[in-house]
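Below you'll find the structures, each written out as structure tokens.
You will see chain A twice below: alongside chain B first, and alongside chain C after that.
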Partner chain A sequence: MFDRFDIFFVQQLVNGFSVGLVYALVAIGFTLIFGVLNVVNFAHGEIYMIGAYAGLMALIFLAPPWVALLLIVLAAGIVAGVLLERAAFKPFRRFRDEASLKSKAMRESTLLSSLAVSIIVREATEKIFGADMRPIPRAYANALQEPILIGELAVASGQLVILGAAIVMFLTLQFILFRTQIGLSIRAVAANPLGAQYVGVNVDRTVIATFAIGSGMGAVAGILIGLYQGTIFPAMGFAPGVKAFVAMVMGGLNSIPGAVICAIFLGVSEAVATEFFAQGWADLVAYLFLVLTLIFFPTGLFGAGRERV
Partner chain B sequence: MSAVLEVRDLAVRMGAQTILHGISLDVPAGGIVTVLGSNGVGKTTLMRALSGVYRATSGTIRLLGEDITALPSHAIVRRGLAQAPEGRQIFGAMTVAENLRLGAIGEADQALLERILTLFPILRERYRQRAGSLSGGEQQMLCVGRAMMARPKLLLMDEPSLGLAPKLVKQIFDLVATIRADGTPVLLVEQNARAALRVADHAYVMDGGRIVLEGPARELAEDERVKAAYLGGHAHA
Partner chain C sequence: MTTTRRTLLLAGAALPLAGAAVAQQRTVTLGYQLPLTGEFSQYGERFRNSAIMALDAFNRSGRIPAQVNIVFEDTRSDPREAVAVARKFVDNRDIVAVLGDFSSSAAIQAGRVYAEAGMPQLSQTASHPDYVKISPWQFRNITTQAYEGPHVARWMAANGVKRVAVVSIQNDWGQSVVSNFADAFKATGGEVVATQMYNPGNREFRAVLTDIARQRPDAIYIGMFYEDGAAFLQQRRQLNIRAPVYGTSSMYEPKLIELAGPGAEGMYLSTSFMAESPEAHVKAYVEEYKRRFNSEPNMFSAQAFDAVNIMLEAIARAWPDVTRQRVRDELARTKDFPGVTGATTFDPETREPAKTLARMRIQDGKFTLIQN
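Take a look at the complex of A and B:
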């Protein structure tokens, strides 16, 4: 084992860490939406894909500076998330009985409606842009492959961009959730939707805000990975969607820090696995973790039991 | 007398089942009104309908003269009707401070917060703790404090004494009187009829989704039917 602990191994850890950060950005959206509505949003991977395509279009037609590019993608993600909520979730939220927000029927309906939206969006994207991989314009892709040497270790400039963007978004999210009125509302609805109604929280607006925030982050994750890997394609949202879902389950379903830690752990584990197995087998790691979590930690590694007062 | 709350012929149906069959009641300015009745007669349904959590099938609810029947729950709270609901419905994963903050409409009123923390010293003591870690009685205090943070023009309390030790029950009813003395009328739903009748001015008795009896609290406390059914004893017991 230890002979493998050389510089290439450390390099893999760094690579895995940056992929893990991207999973984490996707997982946060999943976890936020699950926390507030208790439903899994199957179209979340498509938001990620939309982010990548919105970014590509912006690069081709506007060639904006980096920060502006990320803001454009963020905006596209927010719009897509709000539209998704209106199309796939809102129609099933008209019941006002006790279990209105978290009823089983609602959960199963939106499972299918979000899946339907995801298929429509993916197929429409294929129709418009073609199913093939599309390269990111060279000038941009190259800028993110610039190696930066830290001792013997080579870090791609793109990895630093991912790290920087992820840190900014994590901090912004924490600020929103803990220091703003809308963040307080989001946490209140997640903790107790009925209680939230009694204190005058506008539940509908809170749900939209949750989709906006989660989708904005997911979309930025999409363009980050697109830039870093140099190509984007209509089905690109599937794999990170699965990984983020696994991270959410491992993290205990409604713990954002748990999901982030598990997502990074997952990214690193996959990178390490490629040291020992072929690339194709590395995808198995996520499923293996999912099965192990469900068998041995049914409430997740960080799930302190569900808070449902 | 001008009524803060006027309910007329309020009906609530859930699926095929009619739970409230035309309830009418008034809460006058500065008054304490209580709704009595055993389990399952529709008291909590009534309270939820008043807060807009359930929709009225027919009838009207007026708050300070304004028709609020069709308003969503958040708009009703904003109009000045706050509730300390059944089961407390606090936010267990959040701190006491955050729970109180959520109760406020817009910016939290610091003077009011100070008044509430003085009224409930235990909340000041546990201000930074998770609300879920409080005892049942403390959670009830938090629930009432949270509702008061909205500066309500009418406070609804649904079974505030449920599951509390006798000493705390007395504290809760003293609190109801204090809230009224501060100028906020209270509509109180209770199973503890004896204590409720002692603190209230006017009382309604519900059965099977209807108001079956009403009158000044003092008279109802002497009413043979009320004594037999709700005060756990006979006329001369």
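Take a look at the complex of A and C:
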């Protein structure tokens, strides 16, 4: 068994870390929206996919420089997020009385409406673009897929980009949440929506802002990961979405640092599991951790006693 | 119970009209179950395109004094939906034979329904060994892994490969890729040093690649479809693993090279259809497909084209007695059918097709035929 701890094992840790970062990029936006609405946004994976397609269209028709590309994708994500909020979440906030706001049924309806939007968007994308993987213009794909050799280890340039993006997104989000006015209202609504409303926070505006921020980040994650994996297709949001969901639950549902740590932990343990079992079993690892967390830490590993968001 | 009653009612209703119906032009109806939505819809799209081409040509030719039409039903290639569609086709007394489904899993589940009801079924792609073993009603127009696996194993042995790592998708088909290849490769004196199965939908192969690289294989054999294959080849390049890759014929698709770019360079694969073939009937098929559907046909489109033509041929031979039983018997008599995927013969007993396999390598961003 100990002969396994060689250079390939280190390579496996590097692989796992980069997979974990992919989950983390998706989990950040996911957790932010959950923190505020206390409801799972099932369409987050589709926002990620829309980001990838918007970026791809921009690459094909405009061939913009990298900064412009990211801004275009960010804008597309924000627009998609706001539209999603309008279509799937706003209609269920019509009733302002306390009973409705606390009602589980109301929350669960948005769960289903976001699922509905996600299916409609995914199938519509399949109808328009086809269900198959889209080829990416070579110059852009190569930029994120070049192997970089460090001794016997190999990392792809895209892995470094994703590491950078994860750090930037995480810090930007912390800045927005703790240093800006809108961040303050987001935290207020997350802590107590009724209370926030009574002290004059515009709940509607705050929810829309949360969707804009979370979806913008989801869309940027989509194009970066799509380019790095070289796989842009309508169902691309599903697998990372599920893992991000697991990371969010393990992290305690509303702790962004918790979700990021759990996402990286998941990625590394999946890669290490591949050393000992067939890849088919690696998925089981994620769900095993989910079940163990729910049994032994019902509030998540980082959930209890922390401020929400 | 319901079926019987409905059939009786239909028969009763049809009797007085029987005289009138003879005077009208007859139509022969086929069912085609295929994935038109969902993850595999690009394959279903290709099958339908090819089917329409074959059907138009047949109806124009006037081989039989009747029109043939095809009812297309979407199953997403999901085994449960495949069963629902199979029941629907069986209940429709107009349908004399069925084409499809795409995946072995869906074709097998639907096949059980057809076996019970006595409906001939011809799948263009179901290559799992168990599929034709369901009943004498199942046919396929694809050589199976029992045929392709040993072919690739001998090819590798001839190229001096001794140690192979096998990576394959975790489904019925993927398992048959692994077992057929491994047995034949061991028979040549080689060694399978690692076997990895991955879950459908997974496109992250770095962990699998790192694991098999440790065994220092001479070559990697991959059993997957071109999209997974493209991701695999790109990630192999990113991890700087140099062992050459041999692929199953399912990877022959021009988009593989577009998607994988430099990662695809040097890959070996075998195929029964080659779009660049100089043969006249293949050229005609490729040109018409491009003109009508504005895309390149691949092996899947070609297999569907041949499958539909083989079915139409069987109907023409059965005419005017086009019943489910007669069509089955005529399908079993298919011999040296000159299709775009090579001359095809169905074994009357096992109903397995025999075809010729060509060898290719990806060089300078192109599939290149290797002369034996």
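Following the convention adopted for this analysis, the second predicted complex is superposed on the first by the 296 of 309 C-alpha atoms of A that agree within 3 Å, B and C clash if a C-alpha of one lies under 4 Å from a C-alpha of the other, contacts with A are read in each partner's own complex, and residues count from 1 in each chain.
As a working rule, a residue touches a chain if its C-beta (ideal position, glycine included) is under 8 Å from a C-beta of that chain, and two chains touch if they have at least 3 such contacts.
Fair warning: this is a prediction, and the values are worked out from it, not measured in the lab.
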| item | value |
| --- | --- |
| Chain C versus chain B on the shared chain A, clash or fit after superposition | fit |
| First, second, both or neither for A:E270, with chain B first and chain C second | second |
| Greater chain A contact set [chain C / chain B] | C |
| Which superposed partner A:A76 touches (first chain B, second chain C, both, neither) | neither |
| Touching partner for A:A27 - first (chain B), second (chain C), both, neither | neither |
| Which superposed partner A:N202 touches (first chain B, second chain C, both, neither) | first |
| Chain B versus chain C as contact partner of A:A212, first or second or both or neither | neither |
| Contacts of A:E126 with chain B and chain C, given as first, second, both or neither | second |
| Partner chain(s) touched by A:A154 [first = chain B, second = chain C, both, neither] | second |
| First (chain B), second (chain C), both or neither touched by A:A188 | first |
| Nearest-approach distance, in Å, of chain C Cα atoms to those of chain B in the combined model | 39 |
| Chain B to chain A touching residues, read off their complex | 14, 51-55, 72-74, 76-78, 82-83, 85, 87-94, 98, 101-103, 105, 132, 146-147, 150 |
| Contacting residues of chain C [partner chain A, same complex] | 37-42, 45, 170, 196-199, 201-204, 206-208, 210-211, 213-214, 227, 230-231, 234, 237-240, 255, 258-262 |
| Contacting residues of chain A [partner chain C, same complex] | 6, 8, 11-12, 15-16, 18-19, 123, 126, 130-133, 135-136, 138, 141-142, 145-147, 149, 154-156, 229-231, 233, 235, 238-239, 270-271, 274-275, 278-280, 282-283 |
| Footprint of chain B on chain A - complex, ascending | 96-97, 184-185, 187-188, 190-192, 194-204, 307, 309 |
